[in-house]
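Presented sequentially are two complexes of chain A, the first with chain B as partner and the second with chain C.
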Partner chain A sequence: MISHEFLKQLTSLAAALFLLTAFAILAQRHMRALLGWFAIQGILLAATSALVAFAAASPELYISALLALLLKGFLMPWLLWRIVVHLGVNREVEPLINIFPTLLIAAVLVLFAYYISLPIQKTSALMTRNTIAIGLACVLIGMLIMITRRKAVTQVVGYLAMENALFFTATAATHGMPLVVEIGIAFDVLIAALIFGLFFFQIRKTFDSLDLSHLERK
Partner chain B sequence: MMNLFSLLLGIPALTCCALAFLGKSRGAARLNIAASAATFVVSLGLAWKVLMQGSQFFNGQAFFLDPYNIFLVTLTAFVATNTAIFSAAYMSHEEQIGRVTSHNLRLYHAMFQLFVFGMLLALTTNNLGVLWIALELATLATVLLVALYRTPAAISAAWKYFILCGMGIALALFGTILIFSTSSEVLGHSNEALTWTLLYPKADKLNPGVMTIAFVFLMVGYGTKVGLFPMHAWLPDAHGEGPTPISAVLSGLLLNVALYALVRCKALVDGATHNHFAGHLMMGFGMLTLGMAALSLHRQKDIKRLYSFSSIEHMGLMTFSFGIGTPLANYAALLHMTVHSLVKSGIFFTVGHAAQAMKTQSIAHIRGLINLQPKIGLGLLLGTIAIAGFPPFGVFTSEFLLVTAALESYPWTIGVLLPSLVVAFAGLFRHLQPMVFGTYPKDVHVVPVNMLPVYIHLGLALFLGLAIPGFLANWFQIAANFLHQGTL
Partner chain C sequence: MTPWLLNIVQALLLISLAPLSAAVLKKMKARLQNRRGPGLLQSYRDLGKLFGKEPILPEGASWIFRLAPYIIFAATALACAIVPVLLVQTPLSAAADVITLVGLFALARFFTALGAMDIGTAFGGMGASREMTFSALAEPAMLMGVFVVSMAAESTNLSTMIHTMLNGHFGLRPSLAFALAALLLVAIAETGRIPVDNPSTHLELTMVHEAMILEYSGRYLALIEWANQMKLLLFMTLLLNLFCPWGIAEEKTAPALLFAAELLAFKSVFLLGLLALLETWMAKMRIFRLPEYLGTAFLIAILGMLTHYILEGTA
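And then the complex of A and B:
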């Protein structure tokens, strides 16, 4: 039987790795590597869900772990890659701000997230309490990706990374939302991804490019 | 009676599927009207039940109707019905002039019903998580509708709407997770920890620190959808570029539902923190929004963007009023929600006809409506008078109550409130006057209009300004007290 302390350490490790993947997505210059890291993040999310499911002995969470693995580890990255190939998008990411300053901003965001979560940590009796801070940091990094990237595809990856971070927070900090809610959220994200796909083709048809700076000019 | 409630959600859901398969014909618009009207009749039946027997639970504790949400359910179904009637004439004209294809019309009708379903689900659910899901569903349904015309401007507006609301709603979900993290320690790790009616009695056991942080996230998250400054950037674009019936339901209904969610959260947070933090935050956001929107009204060049800024202004006013949080202020805000929704959707119907008659949405090119087509000109004039807060329309009554409530609790806010209202008033009328009066351009033509929905909406707003029916006043009263104290 695995000890409680060991499980706690494993969850902390998962949280640290999750933050690492968020930074990795932010730092990538190539579309392929970006989607690769996005897939790793999805798989990590599934692993964390399974871990918490085991630790908290709640079989419901195994279902959401499976959902995460299929949807976020494989289906979404693969679909996005197919779209990138199909539309022949330039394989470079093209950030609005250089990568290095964005990484610094992200580091500041992590500090900020920890600062905000201070009062929560003191009072929460849950097994994995500093995961709220990391979850929030990853949500904010997801937003940063959306703000500082010029291409529609990269913005979508930012959106989905943000969604991953929310799922991570829900699983690690609260042992998962009730199943109804979790499935509902997954359904919404799926529809959102579908609409994103439709949008790519519309934007492409209308502007002849996936570069969103064309949208601004009208 | 369980069946009646399943009809309320079942009719829009089933019609959505039906329209997705057979929505290309002329009958689609009629089916859309019939389904919306049926939903409205069902909502009336449920309202009668709540009136006779008080608050109701359905399907165990999964859904509930209380005085706070029943009038919004009825209002949503009512405005959706009239919008469906308006859209039948409007969209067939759009199809004739080639702005939409019949293929896109199928999407339009199916998504309209999905949107109604999402809003009704958000209003009636007893679960915080499902509320979030339903609001997101309603948003996703309208994203494709905003992009319906496929012009570069429409696609860019829809993208902006999607991304900004996606970010906002993510923050709201984070807030919900935070609430769950503290409530699951009180009510156990299950659906019960997200159930409104179980949470309210236990509110003082929730961790105040966590609830405070959670409310900041919910405020920014749902506030984005309400259209509060500075997260409002999506709203004018989405209203301006989408089809007019969609502008009408976005302004009249979706903003209301988002505010409903925010205010429910506020009542819960108030119960946990026992201070006025949440209220003050809402007052601040509301006041900023009001001031910004009032000034922005003056700079608008597009008629639909003009009235969407007026919506932002009124949402700011309601947020401010709910923020004050006394029973009187809550009452004023609830009344304002109702009349604003009626009047604003009525205005958008008229604006839609006006834009079709003048073949443009540019304010500078809309001239002499009352001479060209008196019905449209008169409708626009009366609607704008009503929304600007002239007596005897209902908006005057609610704004009067609001100012009274503000004077009672925070007299200094009047210094911002009244000037903003005057500036907004001036902003609307400087654009309205040349649009309604004067001589019309040469190449315009009279379009077929159906002004009945507009007259019904304005008539109801007038009626609510003169005499609020006893049962409605009673509901508002109960809801206002509930939002003040956090218990029924």
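And then the complex of A and C:
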């Protein structure tokens, strides 16, 4: 039997790696690497779910882990990659602020998330309570990706990274939501990704570019 | 055996084996590139040749130019003396503070830059300005990375840190992995290896460290080259002993010391092999990409710090 302490450490490790993937997504310049890290984040999310499922002995979490693995680890990155190839936008990600200052902002966001999650951590008695701050930080970083990118595809990756982080927080903080809710969310996100794809084509058809600043001028 | 003697032997071992480690690296790289490469004693022969030659001083060189190589060598040799190599506790280990160590490297670097600017050639000035720019970025990253380890060990003394790493029962500590990653990136930059700087380049425009020592010859060049080889070995020993200290001797017995030496040699060769692979596999980075590379190292170190506080704090 694996000890409680070891499981706790494994969860911490998963949280640290999750934070790393969030930073990596923020730091990438090329669409291919960006989607690669997004896929890694999805796989990590699935691994965390499985870990929590094992630790909390709740078998239905294994199903949500499997869903995360299939949808977030493979299907969605692949879908986005196909759209990127099809639209021919596999060039540099165009950030509004330079990459490095963005990363520093992200580091400050982590501190901020830690600070505001301190009171929550005190009230929680769960094994995974330390990961709440990390989850919250990753949500904020996902938002930062959406704010600081110009192109539609990258913004969508930011949105999906945010969703990943929310899922991570939910799993880590509460040992998962009811299975029905999770399946619902998973398919919602999948449909959202498909609709985003349609939007990409429409935006490009209208403006000849995926630069969202064109949308503001009207 | 007195502890002082051991300490001196340990330092001399590091200093005398430095050229060998550089030669091993060169040989491994040559093998990976399907060349035979120079023999393992070639670095010693090169140093001997340089020491035997008459140094030529450029026109207008002041005493700083002549003094700089000695200071560079002395600072690096002193660093070799205070770092725990085979034994955790040595008489000089009270001085083995991480901040002192970074300070010694900074001193050596400062004098390299001074010597380069002293003669007023374009390449010297260019190399010095580049080196200083990068070190301004590399030093905080290195300190931050080391501080993550010091926070886990609750000390900045190297011996205490190694002792805690050996006996601390840390389990899985993601912050230490981040610190290791950051320090590896910094070590590559500090020792001037590919992808940051190419030590065997002949293209003046891409040089960083080599541009600064372009005007040196004879024994001055030998001292600087030797100091550089020492720095490489020193960084490797430091990383190995901090993050993989198993096997290092805690008591002063001959078998324990011998075992520590064997294991350290084995670990160093392994690390050199990794470095050779990396250098063969990667091309030198564009010089304007370097701030970003060092920034990444700094950021990873900060991530390590944050995960230390958030995930491994007083829980």
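What we mean here is this: the second predicted complex is superposed on the first by the 217 of 218 C-alpha atoms of A that agree within 3 Å, B and C clash if a C-alpha of one lies under 4 Å from a C-alpha of the other, contacts with A are read in each partner's own complex, and residues count from 1 in each chain.
Throughout what follows, a residue touches a chain if its C-beta (ideal position, glycine included) is under 8 Å from a C-beta of that chain, and two chains touch if they have at least 3 such contacts.
Everything quoted here is computed from the prediction, not taken from an experiment.
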(request) In the superposition on chain A, see if there is space for chain B and chain C together, and answer fit or clash. (result) fit
(message) Just checking: does A:L96 make contact with chain B only, chain C only, both, or neither of them? Give me first, second, both or neither.
(response) neither
(request) Please name the chain, chain B or chain C, that touches the greater number of residues in chain A. (result) B
(message) A:M162 in the overlay: touching chain B, chain C, both, or neither? Say first, second, both or neither.
(response) first
(message) Quick check for you: in the superposed arrangement, does A:I191 touch first (chain B), second (chain C), both or neither?
(response) first
(request) Based on the superposed arrangement, let me know which partner A:I203 touches: chain B (first), chain C (second), both, or neither? (result) first
(message) Can you report the vertex angle at chain A, computed from the C-alpha centres of the three chains with chain B and chain C as the arms, to the nearest 10 degrees?
(response) 150
(message) Just checking: does A:L20 make contact with chain B only, chain C only, both, or neither of them? Give me first, second, both or neither.
(response) second
(request) Give one of first, second, both or neither to describe whether A:I120 is in contact with chain B, with chain C, with both, or with none. (result) first
(message) Let me test your reading of the model: by the given contact rule, A:V85 touches which partner, first (chain B), second (chain C), both or neither?
(response) neither
(message) Looking at A:L66 after the superposition, I want to know if it touches chain B, chain C, both of them or none. Which is it: first, second, both, neither?
(response) neither
(request) Determine the nearest approach in Å between the Cα atoms of chain B and those of chain C after overlaying the two structures. (result) 18
(request) Indicate the residue numbers of chain A shared between its chain B interface and its chain C interface, in ascending order. (result) none
(message) Which residues of chain C touch chain A once you look at their complex with the stated criterion?
(response) 171-175, 177-178, 291-292, 295-296, 299, 302-303, 306-307, 309-313, 315
(message) Which stretch or stretches of chain A touch chain C in the complex?
(response) 5-6, 9-10, 12-13, 15-17, 19-20, 23, 27, 99-100, 103-104, 107, 110-111, 114, 129-131, 133-134
(message) Looking at the complex, which residues from chain B come into contact with chain A?
(response) 127, 129-130, 132-133, 136-137, 140, 143-144, 147, 150-153, 155-156, 158-160, 162-163, 166-167, 170-171, 173-174, 177-178, 180-182, 184-185, 189-191, 193-194, 207, 209-210, 213
(request) Sort out for me which residues of chain A touch chain B in the complex. (result) 58, 116-117, 119-120, 122-126, 132, 135-136, 139, 142-143, 146, 152, 155, 159, 162-163, 166, 169-170, 173-175, 177-178, 180-181, 184-185, 187-188, 191-192, 195-196, 198-199, 202-203, 206-207, 212, 215-216, 218
